[in-house]
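A, B, C and D are the chain letters, set down in written order, and residue numbers restart from 1 in every chain.
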Amino acid sequence: MPISEAHQSTDDPRVTLDRELGVFEPVPPYPPRTEREAEFYTLGDGEMFINMGPQHPSTHGVLRVVLKLDGEKVVDLDPVLGYLHRGVEKLCENADYHQAICYTDPLEYVSSLFNEWAPVLAFEKLMDVEVPRRAEYIRVLSSELNRVASHALFLGWMALDLGGLTPILWSFIERDEIVDMLAALTGQRMLFNYFRIGGVNGDLNHEFMSRLGDWMSKATEQIESGNALLNENEIFVRRMRGLGTIDTATALRMVMTGPNLRATGVPFDIRRAHPYSVFPELEFDIPTRTEGDCLARYLLRMDEIKQSLRIIDQCLHNMPDGPVIAKLPRLLRPRPGRAYAAVEGPRGQYSTYAISDGTDQPFRMRIHDPSFIHLQSVGLMMPGHLIADTMAIMASLDPIMGGVDK
Amino acid sequence: MDRHFKARLEARFAAQLTGPIRQRHDETEMRIAPGDVVSVITALHDEPDLNFQFLSDLAGVDTGVVMQVVYHLWSETTPDWLRVTADGLSRDDSRVPSVTFLWKGAEWMEREAYDMFGITFEGNRDLRRIYMPPDYQSFPLRKDFYLADDAARSPGGGVRPMERTESPTNAPATALVRRTPA
Amino acid sequence: MSLVPGLGIVKGMGLTLRRFFEPKVTIKYPEEKAPLPHKFRGRLQLLYDEWGTLKCETCFQCAQACPIECIDMGGIDTRGRFHVHWGAPETYGERREESALRRSGRPVPDPAYRPFPAVDLRELDRILDDYDHDPAEMLAILEATQTAYGYLPVAALKRISQLTGAWYATIYGTATYYSHLRFEPATATLQAAAVNAHRPPEATYLAALDASLAGARKSSRKPARA
Amino acid sequence: MTVVGKSWSRLTLPGKVIFTAIPILLLLTVALVAVIVLLGGPILDILEANLPIVRFVVAVTIILLVTVPTAFLIIYMEMKIIALMNLRIGPDRVGPFGSLLSVVHGLKVLMKEDFTPTGADPIVFTWAPVVTYLASVMTLLVIPFAPGLFGQDLNLGLLYFFAIGGLSVVGLLMAGWSSYNKYSLLGGLRAAAQVISYEIPLTLSVVGLILLAGTMSLNQIVLNQSGWFTSWYVFQQPLAVLIFFIAATAEANRTPFDLTEADSEIVAGFATEYSGMRFGFFFFAEYVNVFIISALTVTLFFGGWNAPFPWPWPVDVTFNPGSLGIGMLLGVAIIPVVLTLAFAAPIWIASSRIKGWQALIGGFVLANLFIVAIIGAWAYIGLEWVAGLLWFLLKTYTFVFIFVWMRGTLPRVRIDQLMDFAWKWMLPASLLNLFLTAAAIVVVKTVRP
C-alpha cells in the first residue's frame, strides 16, 4: 500500500520527500538508452532481477550489482558504480602538487603506498627531479611490505566470502604486524602519506628495523601455516576450481593486468615490463599459472608474497646511504607538460597521467585503477554460475571500491 | 627516449600525424586527428614490428579550448610508453570512434570519459553514465563546469535541509555555463 | 589435494584445534593499550613548553596547509587582543550549522529558529542571472529584488547568498545600511506613497549632501570625492 | 506532608522499589497459603485422578524451561570457542569470562522492535518463527536425559522425532515466502530443498539401528547399550553414525551446509526481514536444533546416559543421617569450622604476604568445594539418575563442541554440490548400510539360532 505522494522524511521532520515509499526496483525508471541497457533490462520467462545492493555483506565496499537470475543460476549481471565517487580527479585539479598525494592515498586504501607512488613518479617526471637512490630503495622496501599486507588480507577475504570464519582473522593478525611496522616507519597505520615528490618523508629508524627484523624471521612459515587450512580443504578447493576461468586472449582483450592476468599465463608485470625506480637491480621472478580460474588467482597471490619477501631481503642487504629527499623549492611550479607513470600494485597496473600548465595546481590528473577494469570481466565470467559463485569470483578478482569509484 | 622508435613512427604514420612526435623521459607522444583513430590504433595493434597489445589507459582531457582523448599503449618492441592523442574535438559535440572492437575492456573507460567530459564514443555498445546519477545533466570534469549551477539545480542543492529554500522549478538554461572571461 | 577425500578437512580441523590452545593476540583496550610507535602521526596534540604555556600561537599555518581542510581551530590572536577562529564557516562562507558552531565552541544562536516563509524565487533567479551572480553588484541586485517583490524577503536574501557565495551577514549588512531597502512589505500603499512624498528626490538629496560636505571642506582642504 | 510522605520522598529509587515489593510479596504468600489450606484437598485428588496429563504438563513446562538456558549456554559456547580458535579472546566483559553475554543478547532481542515490512503477509510472517521454534523444542519430549528422566516414553519415539523435526522446514518456508524480499525467498527455497533431500539419508541411516535394537523407543535403545562402552551401537553401526552426523548437520543448517542463512551470499537468508523477538525465536531454534541433534546422536549411538564402564563395586550406600542423633548437631556446628581452618592453614603458611583474613576466606571457599565434592560423589554413587544425567550432558556437549568446531573451520558448500552429495553419496551409502546390517542379522540368526 504505497504511502501518498509527499510525506515527511523520517530523519528530519522539516524535510518533505516527494518520492513514493515503496519497493525500490532494480530496473531504472527511465526507458533504456543504450543497446546493452535494453538487452539487459528485458526479462525472459522465469527470470527475475535482484539487487545485490550497495550495502551487501560481500561486495568489498559500496558496489551495487543488478543480477538477472533464473532460479539460482545467474543469467547476466550489470554492476552499478558511483556510490563511493568522491571526485578525486576534480579535487586534485583544485589542490597543489603536495596535496594531490593526500587525495590519492585513500583510493586503494588497502595498499595506499602504491596510490602515492604513481602520482609522485608522474610529478617527478614533470619537474625533472632526480630521486636519491636511498629514497628509491626505501620506497621499494615499504611498498613491497604493503603488497604482502594487501595479499594477506586478500587470502582472508577469499575465505570469508566462501563462508570460513577463521582465516579472515588470522590474516588480519598478519596484516596488523606489517601495518604496525609501517606505522613505525611512516607514522600512519593505513593511509601513510609517506612519499614526497623527490623522495620520502623520513629515514629508516631503529624501531622499524627491529620490528622488520623479527617479522622477517618468522614471516614465511607464519603465512604458510595460516593458509594450509584452506589450500587442501576439499570444500574450499571444489568451490574454487574451474570457476570464473578466463583464457589469455579474453584477458588481454579485457585489458586485465596484475595477478588476474598472470593467472592466465601472461608474465606481464610492470616492474619487469616497464622497469621504474630500482627494480632493474633487484632480481626476483614473476610467478604465473595457466588455468586462470579462482584457485589459480588465489595460489598465485601466495607465490607473490614469497617473491615480495625476496625483494625485501635484497633491499635490506644493499640499502645505500645518502639523503632521503631531493632539494625542491617550497612552491612547486612545473613547466607546462604531460607525464604518465605506471606502478605494479597488488591488484594490477595503477597509473597516473598528469598534465601541468605552469601554475602550482595540476591542470588534469587522470588516475587509472586496476580494480575498475577487473570488475568488467565479472560480467564475462559470471553467466551460467550460481549466486554463491558471484561472491567467489568477485572475491578472487579482489576489487577495492575506493579505487573503482575514485 | 627511444630515438629509433620515433623514426619508425614518423616513417609509418607520416600522413596521419597532426604534430611533431615529442619524447620526454620514457614517453613518446604523437597527435592524430579523431578521424584516423581507428586506422592508427589498429595498425599499432596488429603490425608485428609495432605489436601494441596492451591499452594501459584511455583518458579524456579538456584543454579549456578543445577536447582530447588520450590512449596510452605498451608493447615489448619499445621500452617507452606510447601516447596517442586524438586532438581537436569540438567542445559542445565531441565525437570519437570507440576502440572497444580491439579491447572490450575499454568500454568502461570510455563510459567514464563520456560521464566526465561528454565525449561520445561511436561504436561503444554501452555509453551511459558510470559515476554520476543517471539524471545528472552537466559533465563534472569539464573546465566550464561550475558547481553552484549544478548545486542550485539539484534538489539537495548543497544547502543543509534546515535552511533550504524552495528549489527552482525550472533552472534557467543560461545558468548551466558561467560566462568566464574568454 | 590428498588421496583420502576427507584428509584436507581433517587437517584443517586439526590446525584450528591447535590454534584453540595457542596464546591469544587481543589487546584488552581500556586496561592495556597497544604501544604506539614513536613516529606516530595520528596523535593531534597541542604541545606545551617547559613553563606550561601553549606553544601554539594560532598562526593557522597547519589549518591552511591541511589538504583535506579538516582542522577547525580557534583561540586568541598572537597579541592576545581578540578571539580568532579558522574553520569551514570562514573558508567557505558556509552558513553556520548549529552542530558545527557547537563543535567549534562558538555560541549557538537561539534554538527557537523561525522558518522563514517561502517565496517564488523564479523572478529572483532571473535578476541574479542578469547580474551574472556577481557578488560585487550586490546593491543593484537588492534594489532589483525590492522592485520585483516590494520588499526584501528572507528567502530571497538566503537565495542570493547561496547563489552568489557572499555571506548572508554581509548581504544583511548591505541591505540594512541603505534606508530605501526595507524588510517588511509596506503596510499600506498610502503610507508608502506618503513616505516617498516627503523624501526629497535623489538630486536634491545629493545637493544637500554636497552642501554639508562643503561646510566641512572649509576646515580641511580635502578634495570632494565624486 | 505527613511523616511518611516526607521520609518517602527522601528514599532513593531502589529504596522505594524494596518498600513496595515487600508488602506485595507478603500478600502473595498469605494468599498462597490460604489457597493450599482451604482448597488443597479437592485439588490434590483431581490431580490423582488424571496423573498422565499432569505428568505431560509438568514434562512440557520443564522442557520449555530447560531449552532457553541450554540455548543461551550453546550460544555462549559458540561465541567463545570460535573466538579462541580465531586467536582472539571473545566475550569477556559481561559476567565472569563473558558468560552472561548470551543472556544479555536474549534480553536485547526482547527489547528490539519486531517490525513487519510493508507488503509482507502479516499472519504468516508472525507465525513462522513460532512454528520453527515449536518444531525444534517439541522433539525434546522424547529424549531420555537420565534413567527416570524423560518426557514421554513413546514406543514410536524415533518416528515422532523425525516427524516433528521435519516440521521446522515449514516454518522456514513460511518465513521465506511471507517477508516480501527476494533474498528471503531464495533462503526459504534453499532451506526447503536442503532439508527435504537430507531427510531421507537421515531416516534411512537410523533404520539399520532399529533392526538391531528391535524397538523404536529411545529409552529402550539406551537400555540396550548399558554395560561396557563396547556395547554401544557406534561400534556395531560405524557407517550409520557418519551418515547420521552429516545428514543431521544439514538438517540443522549448520556449517558447512548453512546455505539458508548464508551471510555472504543472500544477506541473512529467510531471516533477513526479521528483527526483535521474532528473530530471537529463529536464533534460539537453530541452537536448540544443535542441542537436539547432538543429544539424539548420543542417545542412539553413544549409549545415552550409560557410563562407558559399569560401576565395579556394590552400590548399596544407604546412610541414615538420623542415626547420628546428637552427633548430627555437633557435626553441623564443628565440621565447617574445622575444615575451614584445615584449609586456611596451608595458605597462610605458604607465603607471608597473604594476611590472616585472606587465608581464612580461601580456606572457607576450599572447604565448601570439598563438601560439595563429597556430596556429589555420594549422589553419583547413590542416586542412579545423577550419574546418568552427568554422562548424558558430558557426551552431548562434546558433540556440540564438534559442531561449533566445524563452524569455526569449514567454508560453505554450494547448493548444487550439496544436492549432489545428498542424492549421489549419502542415499546409496545409507541403503548399503541398511543391507549390510540386514545381511549380518540374517547370518547371525542362521549361525547361532
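The working rule: contacts are C-beta pairs under 8 Å (C-beta built on N, C-alpha and C of every residue); 3 or more make two chains touch, one makes a residue touch a chain.
What you see is a predicted model; the values in this text were computed from it and never measured.
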Comparison of A-B and A-D by number of C-beta pairs in contact, larger one: A-B
Most widely separated chain from chain B, with each centre as the mean of CA atoms: D
Central subunit by CA centre of mass proxy: A
Chain A and chain B, separation of their C-alpha mean positions in angstrom: 23
Separation of chain A from chain D, taking each centre as the mean of its C-alpha atoms, in whole Å: 47
Between chain D and chain B, distance of the C-alpha-averaged centres to the nearest whole Å: 66
Rounded Å distance between chain A and chain C, as computed from the means of their C-alpha atoms: 37
For chain C, residues contacting two or more additional chains: 9, 12, 15-16, 19, 25
Residues of chain D touching at least two other chains: 85-88, 408-410
Numbers and ranges of chain B residues touching at least 2 other chains: 162
Residues of chain A touching chain C in the complex: 14, 95, 98-99, 102-103, 166, 170, 173, 180, 183-189, 202, 205, 207-208, 225, 228-230, 232-235, 237
In the complex with chain D, residue positions of chain A that touch it: 1, 21-23, 48, 50-51, 56-58, 72, 159-166, 169-170, 173, 229-230, 233, 235-236, 238-239, 386-391
Touching residues on chain C, where the partner in the complex is chain A: 1-2, 5-9, 11-12, 15-16, 19, 25, 36-42, 67-68, 115
Residue ranges of chain B touching chain A (in the complex, touch as defined): 24-27, 29, 53-57, 59, 61-62, 70, 72, 74, 76, 79, 81, 83, 102-109, 112, 116, 125-135, 140-141, 161-162, 164
Complex interface listing, chain C residues touching chain D: 9, 12-13, 15-17, 19-20, 22, 24-26, 28
